[in-house]
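Here come two complexes built around subunit A, the first alongside subunit B, the second alongside subunit C.
Now for the complex of A and B:
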């Protein structure tokens, strides 16, 4: 059994890619950067000590699940959602929807996705993909991180859907309910930008937004105190590159994708300033990419002394200044 | 980033990055992972070293199998407790070799599910020869030509069929 008419497409990010796929399948022509931008996806947060993470870490996007709810609010689309306590009931509902020729998005723990190479697999409960069919005991999966559809056995899918821990999926699935007759893209774009500016500039929390980037720049010098040894520290610093580039961001911690959104937004809203700002953000993204490459280089050479970490911190600090000026200009541009 | 600067030839891990195209427009480009293309050997080197160190501590009875896997899969104590549904103080005790022996069969099953291993692997480390050296079977992904150890679950939750096969 396979959903008819569904087209698999790669995307930069799992959540924005999944939502884009469902909207496209429903007949709405919209790009991934527009979904990401309208949903106010761009963000920054630094977590120096958090129980669920064994080491300091950071995020470069808004809270998982928010993209879907923001798209619902701003575009007027609706998604039908389901959560389950009983895995058997969760499987039954999924099969029922597939039998009705409905592509179903599922939230899973990435660790149990057997089709992913071992070096990429980590316990993270907020991976999204679309289930598009079933062949015996195997489900057909459209995962936006892969160039083609993949198969996953039902036991692994169940483990992924019902993993415990932080942000446990609880079997969460959703599918497209209805699409708006005439979506007001202009208004949705401005709302998305406005929220992104507010979250980056005005949240009164010292580890979120621009303040978070500044805290990251300062606190990275303390990272050696958390590490078991140099090898462990090098592994954690390599994660800077992974989080910015490899973990489905479209490059430079979503900054390249957001620049693409602003370019598309400029022509939709008729605000030419957004085009200039998109080029500016592309350059800021290059700065983040330089940080990624610098991190990888010092890790490979095991050059992880205080001088290298200070240099890394200084580079991150420069990004804070650049992003603060950028988001202030962006905020003015949409007034 | 310009399109030509962003392209990486690494078919094993493809991804989408947004780049500046030749006509000045920004858009998606399918490419390989820069990190995996250039630093995967370094990653596996660290994994092997970490596994060896943990295995030595495990064999010397200085850490428990729960600690061995918890560090390998990069989980915090709080996260492991939350994922298994076992009280944090109890998980903390199970990290000690002596206390691990007091864990119940039900608790061991929950640990194994989170680590995605058969319960039997909490009591054994399967070694396979790689270039003359014994290495743990679950971190061999990048070793072309090596033996791969497949562990097939059975209807009996306590029994797993372990079968070494040649990697294809």
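Now for the complex of A and C:
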């Protein structure tokens, strides 16, 4: 059995791609960058050794799950959500929804997605994809990272849906409830931008937003003290490249996707200045890409001494200045 | 779409080799259609090299490859890079 009328599309990011697919299937014409921007997806946070992060790390987007709830708030769409303790009950509900011709988004641990080559699979409990049908023991999966629809056996899907650990999915699934008759895109876009500016410029927390980028720039020099050995430090520095540039970020830490959002937002809101800001953010994205490449290069050359880390920190510091100026201009542009 | 010329393909091979400081490979030995990554070509590159090439394409031809799905397709081979450049030039001239 396969959901009728569902069209598989690739996307830059799993959560925004999944939400876009469900909205498109429900009849709303909206692009992934618009979903990302309206949901206030762009962000920065630096976590310098906390309980849940034994080694410093950073994020470049808002909290997983927030995109869905922000889209509900700002677009007036609604999603029905379900969470389970019992895997059997979770499977039963999924099958029931599929039998009702409803595409269902699921949160899974990426590691158990057998259609991904084994060398690419890592444990990430917040991967999203859409289940679009069932054929015997095989589920049909629309995973936005793949060029075509794939199949996954029920045991692997269950392992993915009920994996343990931080941010464990607990069988979480959701599907589109209702769509607004006339979505107010203009208002939703301005709300999304306003939130992004507030979070980047004004959160009174020293490790979030622009302050977080500055903290990252300074604290990267301390990373060797936390590493077990050079191998461990190499691995952690390489993660900078992965977090900024690897699949799922839309490229250069989501900055390119947000720039595309601003370009589309300019014509919808009739604010041409957003187009100029889009070009500015593309350049900031290039800066993050340089940092990503620089990190990978020093790992490859085993050049992880204090001078290299200082240079890396200086490059990150420049990004903080550029992003601060950018978000200030963006904030003015929507007033 | 304008078809990529042999001159453009040679230019791309030279760009890749100068960007990655590869001096021990003859451009003529690089297969235009074979994957640049994972073996099977005179050039055997890795994911870090891929970002270097993406940035070199932007610097040299002025075309930014922001989308990662597109990036994977573009840097697959010399031919795919050449096709991307021709497509972008056609779009610019349209």
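In this text, the second predicted complex is superposed on the first by the 331 of 335 C-alpha atoms of A that agree within 3 Å, B and C clash if a C-alpha of one lies under 4 Å from a C-alpha of the other, contacts with A are read in each partner's own complex, and residues count from 1 in each chain.
To be clear about the criterion, a residue touches a chain if its C-beta (ideal position, glycine included) is under 8 Å from a C-beta of that chain, and two chains touch if they have at least 3 such contacts.
Since the model is a prediction, treat every value here as computed from it, not as a measurement.
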Fit or clash - subunit C, subunit B, common subunit A: clash
Partner chain in contact with A:198 - subunit B first, subunit C second, else both or neither: neither
Partner chain(s) touched by A:252 [first = subunit B, second = subunit C, both, neither]: both
Contacts of A:115 with subunit B and subunit C, given as first, second, both or neither: neither
Which partner reaches more residues of subunit A (counting touched residues only), subunit B or subunit C: B
First, second, both or neither for A:123, with subunit B first and subunit C second: first
First (subunit B), second (subunit C), both or neither touched by A:231: first
Partner chain(s) touched by A:289 [first = subunit B, second = subunit C, both, neither]: both
Subunit B versus subunit C as contact partner of A:12, first or second or both or neither: both
Listed stretches 8-16, 62-70 or 116-124 of subunit B, narrowed to the one that overlaps subunit C: 8-16
Those residues of subunit A which subunit B touches in one complex and subunit C touches in the other: 10, 12, 241, 245-246, 250-252, 256-257, 259-260, 282, 285-286, 289, 293, 296, 300
Sites on subunit C touched by subunit A in the complex: 47-48, 51-52, 54-55, 58, 64-69, 71
Sites on subunit A touched by subunit C in the complex: 10, 12, 241, 245-247, 249-252, 256-257, 259-260, 282, 285-286, 289-290, 292-293, 296-297, 300
Interfacial residue positions of subunit B with respect to subunit A in the complex: 1, 6, 12-20, 25-28, 30, 33-36, 38-40, 42-44, 46, 49-50, 73-76, 78-79, 82-85, 113-114, 116, 139, 141-142, 153
Subunit A residues within the subunit B interface of the complex: 10-12, 32-33, 51-54, 111-112, 117-120, 122-123, 144-147, 155, 159, 163-166, 168, 231-232, 234-235, 238, 241-242, 245-246, 248, 250-252, 256-257, 259-260, 263, 278, 282, 285-286, 289, 293, 296, 299-300
